[in-house]
Structures are given as C-alpha cells and as structure tokens.
Amino acid sequence: MSHIHLPDGVLPVWLWVPGFIAAMLVAAVLFRFTKKEALSRRFPLLGMMAAAMVLGASVEVVPIAYHVNLTVISGILLGPSLIFLATFVVNVILALFGHGGITVIGLNTLILSIEGVFGYFLFHLFWQVSKRLILTTFIATFLALVFSTFAMIGVVSLGTSHYEELIHHEGEGIFEFHLLKDKGPHHEEETKKTEIHLGRFIAIVLPLGFIGWILEGVITALITRYIHRLRPDLLHLEKESQ
Amino acid sequence: MKEGERIIEVDCITHVYPDMTKVQICGLDFIVNQGERVSILGSNGCGKTTLLKHLLGILVPKDGRVSVFGINPGKDFSKIREKVGVVMQDVDEQILGPTVYDDILFAPLNYGMGRKKADWMAKEVIERLNLEPIQKKIVNYLSGGEKKKVALAGALVMEPDLLILDEPFTGLDPLSRRDLIQILNELNKEKGITFITTLHEVDLVPEMTDILYLMHGHGDLSERGRPDEIFGKFKDLESFNLEEPTLTKLFKGLKKEGLDFGDPLRIDEAIQSIKKHWKDKK
Amino acid sequence: MKEGERIIEVDCITHVYPDMTKVQICGLDFIVNQGERVSILGSNGCGKTTLLKHLLGILVPKDGRVSVFGINPGKDFSKIREKVGVVMQDVDEQILGPTVYDDILFAPLNYGMGRKKADWMAKEVIERLNLEPIQKKIVNYLSGGEKKKVALAGALVMEPDLLILDEPFTGLDPLSRRDLIQILNELNKEKGITFITTLHEVDLVPEMTDILYLMHGHGDLSERGRPDEIFGKFKDLESFNLEEPTLTKLFKGLKKEGLDFGDPLRIDEAIQSIKKHWKDKK
Amino acid sequence: MIQLSYLDYIAVEGKRFLHRFSPTLKIIGMVLVLLGIVTLRSLPGLLLLYGTLVALFFITRIPIKIFSLTFYPLIFAVLFIFISGFQIHFLLLIFLKVLCGSTGVVLLLATTPYPMIFSVLGRILPDSFVTALFLTYRSVFILLNILEETQHALYLRGGFQWRHPWRSLINISNAFGHLMIKGIDASEKMYESMLLRGFKNKIFYRGK
C-alpha cells in the first residue's frame, strides 16, 4: 500500500484546487523545458510505463488496496521529468476507470510522483555509493515509498478541519457556499479535542504500508536486475560506472 | 498408453468470448487416438485456436465436454501437463528467456530434473533443431522465424506424448519447414508421439497427416478423413476458404483435359504416376 | 513518378544491433524501379526485416547509403511517408483501434482527409479485403489472421505508391492469400503501385513477382532476377534454406526420369505443357 | 482487469440513448456531477444524485459486472472510518460522495469510446498530453494481452507449482521483467507504426 488513490468528495476544496493548480504548473513547466525531440522519442516508453502503472494499480494483491505500483522502476527508466508527466497520465486514466477521484487528480499526481522522482534520485545516489544493483534498488524504492506515504498522510490530515465540519454541520443547508475557507494554523490543535482520530488512521496505514514497501522493494529490485541483464542501456548507469 | 487408444474427445463445445462472439465447435466430434498425426484446416477466425485452447484448459467451455488423457483439462490440466508440449500461435509471449538456452531449460528445471539431465535434454533438442548459432542470444531479439523455432524447442525438450502446435509453420523458411516435418514424423514413428497441428499450408498436409479435419464458419467441424480422401473427393474446398494442394490442382486440371494420371499428393508419387502413364502409352 | 524510374537504392549497408549482431546487406545493390513487383526470399534471420526497416527509416545504417524516392529515409522519412504503405511482420502493435473501422480510418484522418473522404476510402478497402463481418469488432479480439488483414487494410487505405510488406501471407488462409495476391496484382496493374514483399511461400512467388532477390547468411544479397530464371537455373537453393516451388520440383524430377516438359511455374502453364507434349508424342 | 476490455466493448457496441449522446454533453454532465459532489452536503441531496446515476446506469443496460467497478474507491474511503471514529452520518456522506464520483465516471466511460473522450479533452489539454493519454490507453491493452499470454506460458510450461516454491518465485519475477521489456519493445513498435501511418503529434479520431 505504497500509495492510495484519494477519491472524490473527501478532501476540502481549498486543498484540492491548489493541488490541481500546482500539478498543472509543474507539468506545464516540464513540457516547456523538455526538448521536443527528446519527448517524442521517449513517448512510447512513457506510454508503456504509464500503462504498466495503470495495470499494476488495478490488479489487487490483497483486498485492502495492496498493489504493485511500479512507480519507482518507471522513474528510474523515464527520469524525473517524464515520470511526473507519466504519473499525471496514470491518474487521469485511473480516474476515468473510477479508481481515484477526478477532483483530486492534481493531489494524487503530486503524491505519486514523489515516488518516481525520489526513487530516481535515490537510486542514482545509492548506486554511486554501493554499485550493488539489487540493494540499491531496494533501498531507493523503500525510502521513496516512505516519503510518498507520509505525504499522503500529510494531505489527509490537512483536511482535518473539513471532516469536522462535515461531522458537525449536519443538516445545515443543502449546499456549501463558502468554498474557500480561511484556515489558519490553529486547526492542528483542534485535532486533539475533536472526534478526528488521525492517530488511528496512521496506526492503520503505517504497518500495512510497511509490508507494502518491502514487497514493492523486492519486486522492483528483481525487475531492475532483469532489465539490467537485457537492456542495460535503459537504466542509464554507464556514465556513472566509468 | 497404447497405440490407437483414444486420448482426446471433444463433444460439441460452446464458447462465448466476452464480446459475445460465439464459437460452437460442433458437427463432428473431435477425436484423436494415440499415435495419430492430426491436422486441422479452416479459414481465418473459424475457431481453430479456440479449440486448441480448450484442450489445454486455457479456455473452459460453457457447454459440452472435453477430455484429454481421460481428464477434464479445464479442471485438472496440471495432472497431464508434463505429457503435453505446446506451441501457441503467438509465439512471442511463450518464450520466457532471457536467453534461448535458458528458455529451453525452463520446463525441465520446473519439472524437477537435475541440472545435468536438463542440460543434456536441452543439448539434444538444440541439435535437432539446429539452434546452436543462436543459443546464447536474448530471446527478445530474435527474428520471427527464430522465435518460432525456440518455442518449438521449448515444447519438444520434455519429449511429450502429445504435441499441440498452432500454426507452427508460419514464419519458418522452407527448409526449416521441411526439417520440422521430418522431426515430427520421426518422433511420431520412433516414440509414437501424437500431434495435433493447425495450419494453412495445404501443400504440407499430405506429408504429415493421418487424419485431417476441416473446420467451417464459426467452429463447425464438418469433415474428417485421410488427406487423399478429402482433397480427392471435395469439389468446394473454397467454401472452407481453402485450396487444394498444388499437385491436386494440377492433376485435376489434367483430368479435365482428358489426361487421367490418378490423384497423387506427393511429388515422388506424381513423378512415378506420370512416368508410368507415359511408358504405357507406347 | 514514371514507370520504370528508379525509386529505391540500397548500397551495401551495415547495421549493428545493440547486442553486436551484425547484419551487412551487401553483395548486390538492392534496387527497385517504379511499378515493379519485388520479392525477397531468404532463410530465417538472414536480414530481410532489417533491410525493410532501413527503407522505412526505423533503423539507420552505420555504414552505407539508402535512398527511397530520392530521400534518405533515416533523416527525412516524414517527407515521403504518405506515399508508402507498410505492413510489418509483427502485426499486433500496428493496430491502434479501438475498432477495426477506426483503425482503418487512422491514416486518412491523420493525413488530413475530411471525414467524408476518409469514410469513403475506408469503405472501399473494407470491401476489397472482405472485412465487413469484422469491421465493428474491437481490435483486441481478433484471430491471428484477422489481425493481419486489418493491418493490410490500414496500409492499403491511402493507396500508396510503394507498398512494403513483411511476410504478409503468414497466418492467412489459402483463399485470403489468393485474394491478397489478386488485389496486389490489380493495384500494380491499374495504378502502377510498386511493392516489395518478403515471404517464405515459394509457391506464391511466381504469381506476384517481377524481380526476385535471394538473401544469404547475414544480409548477403546474392541473386537478382526473374523468378523463372532463378528457380530454373539454381541447383542449390538449399544453401538459402529455400526450396523450389512444387511445380519446379516436379518438372525437374520428371526431367531426371527423361521426361522434359520444360520449366513451367504456374499450374495453367504446366497443364498446357504436359498436354502439348502428350499430344506430340502420337 | 478483464473488465477493462469489456468496458471498451460496451462503450463501442452499446446502442442505448446515452451512447448516442454527444461526448461533449456527457463530459459537461460529468462536470456537473462533480460540482454536486463537491458542494452537496446533505444526505438526501447526495442520495438523490446517486440514485439518478444508478438509474441511468441500469436504464442504459450496462451489465452488473461493470457496476462492480464503481465500488473500488470505497476501499480507500474505509480508512475514514478510523479517522472519524465511526460517525455514521459522516461515513455515509463520504461513501455517497465517493460512489457518486466513481459511478459517474464509469457511466461516462461505459457509454463513450475512449478516443472520443480524449479528443474532447484535446480541446483543452495540450496535444502531447492527449497523445500520451492515448498511447497509455492502448498500451494498457497490449500489456494486458502480453500479461495474459505470459500467464498461459507459465501455466503450460509448469512455471508455477506449489511443489517448487523457490523456482516458482524466480520464474514469476523473471516473468515480470520479461513483461516490462516486452512492453517497452511493443511500445516502440507501436510508435513506429503510428509514425508510419501519418501521426504528427496530434491524434485524429472520428466522432460519432
């Protein structure tokens, strides 16, 4: 459970709208600064890795959303900027299949791309140090997933005050008109005294996540080994090994 | 398993694909006896592959009965898997690599042969199929025909009792076809291996077939017989999207012109027949 | 483009695949003139597909020169791609879907035809290839031969000047093969379309070939000529992993037995020749 | 996952009124549904919305099999049970919102072939993004096909047996790597053939 697809309607507007904008901005910047030919030459790879992620994300291993993500391996193969675009595409398609929310595509992309981007950098960092492919891949994957899980928890907890509202303001009119609520830093203190139990949430997510991180790490390492054997050029390791 | 014993029986099965394409393999029962060389001819999309997939338990029929070695493959295929060698039509995904040699070792190792025995078996099949030059290559980067050969090697290596070959000749060059036919015929003669082949190369049928099935429309098995019977008697092979073998066409054409040399199906027979008639004319 | 003008020239190219497999297409130059029907025969893995990929700019040679319609396809293929229709050996990835009809529309729409024109072109090719029954099917669900036909339709729909077909007959049933040959010959006659085909079905060569190339070893183009010349004169087609067509074998066999009926390559010729000799004998 | 290609099939082959609607209208409808999800905060309102969507689903005769897809995101919503400490009202609210979202989207996809959705999106999004969407979508099916056939190969050649767990594990991880490489090669071929067939960084599709 390295990553969860946030669904529609759970998070407050003031959270997902900026998420959307941020993701769009990043994507736009990346599109602008990636060379056109480089992009079109690697389009097929982008498409296929995105497809692999879509498939991985839709094949359940264990009922509670355990699934392989393949984000880290995709990140290693695509590089940090393309993986972001790929993640965006993945979230759009998953949203179309009903696997994640449409409104939260932006946030989901930001969270998920952490895995790919961090995975890529960690992988190359550790490779410099150890030169042991399996170990390097495993650690990079594991850490990247830890980061993204905490990012997800962070995002969910940012919505705390919104959940409170939903709980307390029941039946107070059909529509919510005040879309952009001004939320100061004080909402974190509130957490403790209301019925919101973020602690429990985290207590569930982290242990489950831990197993997921290890599984994903092992799978990614094995796949990387295989790719290293057949198409070492795809991993872009030559420069560094010399 | 005795020669001539019935090993496959398919009894009017119906399969409906998720998009509602219905394939009904009916008409004649599909029956195969031990030691027979069986071929299936039929137009594109008529259901040959669908039939074979039922024999392997990859598809499970909605209606009807399939029995292979007395077992229902939809349920218990793993019990007979060791006896069955398969080459599917789409050979690409059948090869698991990474190298050709690894791929050939795949089945022996999985069935618990020791490394030594497995090596020995692999060597033998590599020699049979002339794969030495490519045995170290990575399977993803073989040419189309080379892949086919590797898949064949993977199926032959366990010396199965039953070989199921879905269009094994497509993509092979003529000499490799000839070699393959020879290998199959040898295996059939020496070890009594049964094989079921689908193909489109009518000219090859007479050389490797005891029993020929013709399939029609959407799964209609409508003819069963020896190749010479079927090619001889049939006027409308075209309704099967088939043609007669070149020699049949030639000799039927000659007959129309008033020259009756009989119905030879193989080149040597044809030469003998013409020669004999020529001499007799004197 | 005038009939007979030289449109393709390949001059001793070398390609090295990432795993160091070296394919050197040399020996004779590969030359194609406008309006010719060219076939390439050769054993598995000899480099036929590699050659075609160079013509399409998919591979770029390490050494040597390729020119198609006077352009270097490795650099500027997009300038000529409207004139070139292609069916690659591996047909699966060539079909973009979602339905057969959509797939056929792909090229016309991308080349900016209006919707109406595109529809009309698609209709025509669907009729030509008898694809009506499957035109609404989702491409993911086609049988092997059906996929081949759809890919062909996708290549033919733009009525290209040059058709490049990598083993178009594999997986087609005999009647579809016959139909395809007829379509190609018609297109060649009516519109002067040039086509380059690789294939393994020697029996089909005489019916659709003006110029035949034989390829050897790892890319060695060693023979060029009319099919009857090449099949007639050659003793050792086996060194190309080739066979003679059935009729050539028959008539050579007869010659050995002292019966010389000439070297017909097509059935009607063969019948006439035998008939004539038979009559003359009186 | 088999349901995905089935979904495609329903979208292309379906002949109900929703299938015949213009894709643009359907997408606008979807946006309205989303607006509802975001702003509605009363149970009856959401129930009404959900009821409408489900009714549409069944009037359109989309098979039950597809309907099960809409429950997937509940898996995540369940985690909110722990956040809220079992507040029934809150949970119902969240669950309904989630269900409305997924039902709406699946309804859209089951009545509109994907190229049409993409081509409508293409009016607002950059071309290269739409191309990436398209390539990904087609790649999913190619990959699915490879996955299925690889499974068959493992099965037919004894690649997975409980008797030999260690070998089976190695085989499966090799198969995964194999899948990746195959997929990458396939995508390259697919792209080549798109270029050969006139693709110039923008995909054209027929509307209905």
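Labels A, B, C and D are assigned to the chains in the order they are written; within every chain, residues are numbered from 1.
Quick note on the criterion: a contact is a pair of C-beta atoms (placed from the backbone, for glycine too) under 8 Å apart; a residue touches a chain by one contact, two chains touch by 3 or more.
Model, not experiment: these values are computed from the prediction.
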Checklist entry - So which chain ends up in the middle if you average the CA atoms? => result D
Checklist outcome for this item: Ranking chain pairs by contacts puts first A-D
Checklist entry - Between subunit A and subunit B, what is the separation of their C-alpha centroids in Å? => result 49
Checklist outcome for this item: CA centroids of subunit B and subunit C: separation to the nearest Å works out as 26
Next on the checklist: Roughly how far is subunit B from subunit D, centre to centre by C-alpha average, rounded to an integer in Å?
Outcome noted: 39
Checklist entry - Could you say which residues in subunit C touch two or more other chains, in rising order? => result 18, 90, 92, 138, 141
Checklist entry - Which residues belonging to subunit A are in contact with no fewer than two other chains? => result 226, 230-231
Checklist outcome for this item: In subunit D, the residues touching two or more other chains are 5, 9, 13, 114, 138, 142, 174, 177-178, 181, 186-187, 190
Checklist entry - If you go through all the chains, which pairs of them touch? => result A-B, A-D, B-C, B-D, C-D
Item to check | Residue ranges of subunit D in contact with subunit C within the complex | outcome: 5, 8-9, 12-13, 113-115, 138, 141-142, 145, 186-187, 189-190, 192-200, 203-206
Item to check | Sites on subunit C touched by subunit B in the complex | outcome: 17-19, 21, 42-45, 49, 89-90, 92, 134, 137-138, 141-146, 148-149, 167, 170-178, 200-203, 238, 241-243, 245-247, 249-250, 253-254, 257, 259, 267-268, 270-271, 274-275, 278, 281
Checklist outcome for this item: Listed in rising order, the residues of subunit D that touch subunit A in the complex are 1, 4, 7, 30, 34, 37-42, 45, 69-70, 72-73, 75-80, 82-85, 87, 89-90, 93-94, 96-98, 100-103, 105-106, 108-109, 114, 117, 126, 128-129, 131-140, 142-144, 147, 173-174, 176-181, 183-184, 186-188, 190-191, 201
Item to check | subunit B to subunit D touching residues, read off their complex | outcome: 18-19, 56, 58, 77-78, 81-82, 84, 86, 88, 90, 92-98, 106-107, 109-112, 140, 154
Checklist outcome for this item: Within the complex, subunit B is touched by subunit A residues 226, 229-230
